[in-house]
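I've put the structures underneath this note.
You will see chain A twice below: alongside chain B first, and alongside chain C after that.
Then we have the complex of A and B:
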């Protein structure tokens, strides 16, 4: 242990801890901008500088290791003067449009400026970077005028996701974080995962806001139908200021009704449907010599990734649509017929933890109902803002219930929200289908947790099925390389683009691993409480097959629930 | 005054690409000696010599070797900083183009000391015309068995590779240079970890300036006692001075450390031409302070210059006569820094441009006393909080100019007479 003094308080920290770590331990708040708990230390914003006895100048507390006997002052006049000067420099480049910014009230830069008491007029003329807003992506908006060059987005895009869509261009004062060769985001291999949105400390990279679209559909007197992804119930309350991992299923339903939705459905149901189809597809591939390994296809960012970087593996992708896109056509066919509403009168809105879903719903393949199956995708962030806008006291809202005829999702459907969940849900059903016995234990822990790549095998009455789970596209690349080179052989592989799975998705409140951990805990706890924990035992699933779909992989399923993929390799350029 | 040619001994006398010429002039004797010495002995020799870095900071050379030597790793590197980005500085170019083998020899000795088998020379982009000659020289040294595999039958291997810069001043900063050699954007890294532990490609690395490396062979050839007789107690050896600006005889001169600046300007370089008078001197490169004519009676020695608030740096002496305007000089200097800031950290990226804007405003006769205060306070913040030496020292020239030439700044603010600005039609406001 290392002992040091911070602002007069003695504190002990582990070897290798930074001054910033030590200060946090001593409950001393040091402002930061480029620092992110999940990322490497960058030490570029310099807002976290502190005074260390015996060292010249000021030291960045994030990058300076704590050492024995160190005496640190974190708030001396010298330190505060420097921080204010640095903030003044940042503000002199920043568009002063905070009132009209999506991040207003949630912005790290704004918070730090407020904490520094920036009240004097600037000594420098306002000089905003010459950059146009890039809103070409269906998922992400980039406004580089607001960028403070912290480098977080670059790290997440290049080192975590390994897409490398953005990097710094030009030098010094003219530096700018951009896609290469002046390209717009839509023309790059960006997979719309939104992990850059998650880490941006300002309004420079934000979720494309589609809330206005929803209001305008409401104005057109559409029948407003919402479907809610599994992970949203453990993310929404956090986006509205409650503790990470707060479950708000019932309140969320009530809030949607108050906003103006006529029906609120549970996408967990569609996740169960996915298991029925995907499980059957897996067995079919194994038994009839189909292409293996089979990859899951629930994650639209992963799909675009495969289409762009690994088109040679498109046959490995399950032909199943994602739960959202299975639900879409069912709402506009089965549901519409059942309640006798003209499908064109329905506005189907999906509430997702995901920015890539905005891209997915606009894909050409996604109109099996004869209409765009899902009209609008709202992220958790956008729904949270709509709830605020509507003046709803979310915290004290009464609990509501999902609507029929898709009343219930199983626990298997719910755990789709965490990495490994699809795999676990599929195995529960497949195991029972093949062996006739319930998987014991039902909790399949080898595929749970945040290890980058997880492997397991299951004995299906003599056939040993090897499975793997990867989350984060850097891990996806690794596993694809292993498979491509023949070093690894699996039957079934689950891949989610976002680290942690959907609970770490790009459309949620800003992530840290600590928060994603809480969300994971919540989702598995909630699952245990559900009456049905296996997709094939969901009575509503049994009913829809009986009433409408026939059997998994049947003709109707093929028409509505399965899809094909597109080679997007040209996005990489030659 | 007679120059003392230790480093320049062979320059102009041998064919630079010829290893044979170099050997005939006593070359590679030092390496032969070093090859029979242990790491500790080599480092002890450098310690006894008192050799300090010639690139700018004047860090004791042996300590860099000690750090890298004490870090366990199978792969280590020696890097020669030949980026020579300081405006007006030519000394490394003279050494590289006149006696490159001496630099190779210095690198090999460092390699032997720390257990490195690979050296990189990172050369300023503009020196690309030297590349072919240097390749030839390297090839010739290998042919003579003085570089490459099993040097002089000792079993020690040392290979040198050449890497070209692309015109970024910041790449003269050692960690930014590593990034550049690794093929990345030239931006500095934070320390710790220090290069001796985690340097080029993450391996223990010793980086030295061309001139520092050129000192190593003479030390081993002639002994540390001889070396100690040259220069001063704290800064032994000779130093190359690039004298530029308004002097009769500009050029690169070699003198023992401690030569008086005034004598260098007047006796060696023949003083100020055209009957004009000295106004200011900037010693130590673009980030050196501007001093006035009453401050030049000083010995050019690392510690003395540092104690007086300046830095000897690379030994570049910019002499400025009284037909110039110091505010204009400051603007020019700050323009350089704003163009060369890499943009990694906030204070330097934003501050260099803002300092330039403030100085320009004063130079244009539109400034106020508040702008001088703003320069001072911004300068202090940049100096305290910038990521690397570039941002920390970019403020030195402007701050020293304000301190040493305050009336000139006041004149511009009062829109009073300034010979230069009047001539160029500025200060109309």
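Then we have the complex of A and C:
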């Protein structure tokens, strides 16, 4: 342990801790901008400077290791003046459009400026970087005028997801974080995962806002149908300022009704449907010599990744649509027929933790009902803003219940929200289908948790099925290389693009691993409380197969619930 | 410089040249510290570091293309976008500035009808600032395709440019 003094308080920290770590331990607040708890130390913004006795000048506290006997001043007039000067220079390059910025009120830069009491007029003329807004992507908007060059987006894109869309262009004053050669996001291999949105401290990279689309559909007197993804119930309250991991299923349903939705459905139901189809597909592939390993296909960012970087593996992808896109056609066929509404009068909105879903709903294949199956995708962030805009007191809202006929999802559907969840849910059903016995224990822990690649095997009456789970596209790349080279052999592989799975998705409130851990805890706790924990035991699933779909992999499901993929290798360019 | 860079996304280096680029880069596979060496050699045979060129370097050296791009754009004397036959580098450092570089730059801009960072429509001249060339004794100075001209005035720089316009310089 190392002992040092910060602002007169003695504190001891582990070897290797920075001054910033020590200060946090001593409850001393030092402002930061480029620092992110999940990332490497960059020390480029310099806003966290402190005075250290015996060291010349000021030191960046994020990158200076704490050492024995160090005496640190974090708020001396010298330090405060330096921080204000740094902030003044950042502000001289930042468009002062806070009132019209999507991040207004949620912006780290704004918060730091507020904490520094930047009340004096600036000494420098405003010189905003000349950059145009890139809104070519269906998921992400980039406004490089607002960028402060912290480098977080590049780290997440290059080192975590390994997509490598972003590059720092030019030098010094003229630096800019861009896709190379002035390309727009839509022309790059960007998979729309939104992890860059998650780490951006300003409004430079934001979720494309589709709330206006929803309001205009409401104006057209459409029957507004919402379907809510599994992970949203553990993320929405956090996006509205409550503690990470707060479950708000009932309040969320009431809020959607108040906003103006006529029906609120649970995407957990569609996740159960996915398990029925995907489980049957897996068994079919294993028993009839189909392409193995089979990859899950719930994650639209992973799908685009495979289409772009590994088109040779497209046959390995399950032909099942994602739960959201299975739900879309059912709403505009089965549900529409049941309640006798013209499908063209329905506006189907999916509430998702995900930015890539915005891309997915616009894919050509997603028109199985004869209409665009899902009209609008809203992320958790957008829904939170709609709730705020509507003046709803979310914290004190009464609990509502999902509407039928899609009102009940099983626990298996719910855990889709965390990495390993699809695998666990599928195994519960497949195991019981093959062996006739319930899996014991029902909690399949080897595939839970945040290890990058998880492996397990299950004995299905003599057939040993080897499975693997990867989350984060960097891990996906590793597992694909292992499979491609023949070093690893699996039957079934779950891949989620975002680290942690959907609970760490790009459309949620800004993430850290600590927060994602809380969301995971919440989702597994909530799962245990549900009456049905296996997809095939969901009574509404049994009913829809009896009334409408027939059997899994049948003709009707083939038409509505399965899809094909497109080779996008050309996006990698020359 | 800061203006939307004059980009030429469609520019392609001939395939035979790309083979040469690959030959230069291949020996340095997995040795990113040699990128400068490779870039300087490649610069001798390609006009600009276009997409196809950095893609080949990236592939052969096993470095992400984004990193090669970042590296090349870091240096003002390397080009990723449009570049004229003659590149006029105007020294931007303090000694040249004190000795009247601004007027010299203005004279060249007016003469070629382009601003700093731009290329003439006929693709003959590119005008750009450069960091100190180390010839402060003859400041203000410019460099055209590696040739240094010093002790310039607006009049004398016009004479220099004129010789390039007439293709009188070997």
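Throughout what follows, the second predicted complex is superposed on the first by the 574 of 574 C-alpha atoms of A that agree within 3 Å, B and C clash if a C-alpha of one lies under 4 Å from a C-alpha of the other, contacts with A are read in each partner's own complex, and residues count from 1 in each chain.
As a working rule, contacts are C-beta pairs under 8 Å (C-beta built on N, C-alpha and C of every residue); 3 or more make two chains touch, one makes a residue touch a chain.
For clarity, every value in this text was computed on a predicted model and none was experimentally measured.
Peer 1: Would you sort A:73 into first (chain B), second (chain C), both or neither based on which partner it touches?
Peer 2: It touches nothing on chain B or chain C.
Peer 1: State whether A:168 touches chain B only (first), chain C only (second), both chains, or neither.
Peer 2: Both partners.
Peer 1: Should A:45 be classified as contacting the first partner (chain B), the second (chain C), both, or neither?
Peer 2: first
Peer 1: Pick one for A:556: touches chain B only (first), chain C only (second), both, or neither.
Peer 2: In the superposition, A:556 contacts neither chain B nor chain C.
Peer 1: In the superposed arrangement, does A:433 touch chain B (first), chain C (second), both or neither?
Peer 2: In the superposition, A:433 contacts neither chain B nor chain C.
Peer 1: Which partner chains sit in contact with A:257 here, chain B, chain C, both or neither? Use first/second/both/neither.
Peer 2: neither
Peer 1: In the superposed arrangement, which partner chain does A:25 touch: chain B (first), chain C (second), both, or neither?
Peer 2: A:25 sits against neither chain B nor chain C.
Peer 1: Between chain B and chain C, which one contacts more residues of chain A in the superposed model?
Peer 2: Comparing touch counts on chain A for chain B and chain C gives B.
Peer 1: With the two complexes superposed on chain A, say which partner A:129 touches: chain B (first), chain C (second), both, or neither.
Peer 2: Second partner only.
Peer 1: Is A:313 touching the first partner chain B, the second partner chain C, both, or neither of them?
Peer 2: It touches nothing on chain B or chain C.
Peer 1: Does any part of chain A touch chain B in one structure and chain C in the other, and if so which residues?
Peer 2: 167-168, 170-171, 174
Peer 1: Can you list the chain C residues touching chain A in their complex?
Peer 2: Interface residues on the chain C side: 1-5, 7, 9, 50-52, 54-55, 64-67, 69-70, 73-76, 80.
Peer 1: Contact residues on chain A for chain B in the complex?
Peer 2: It comes out as residues 41, 43-47, 49, 57-58, 60, 63, 65, 78, 81-82, 85-86, 89-90, 92-93, 123-125, 148-149, 167-168, 170-175.
Peer 1: Could you list, by residue number, the parts of chain B that touch chain A in their complex?
Peer 2: 168, 185, 190, 192, 338-354, 357, 370, 374, 377-378, 380-381, 383-387, 392
Peer 1: Would you mind writing out the residues of chain A in touch with chain C in their complex?
Peer 2: Result: residues 129-130, 132, 158, 164-171, 174, 180-183, 573-574 of chain A touch chain C.
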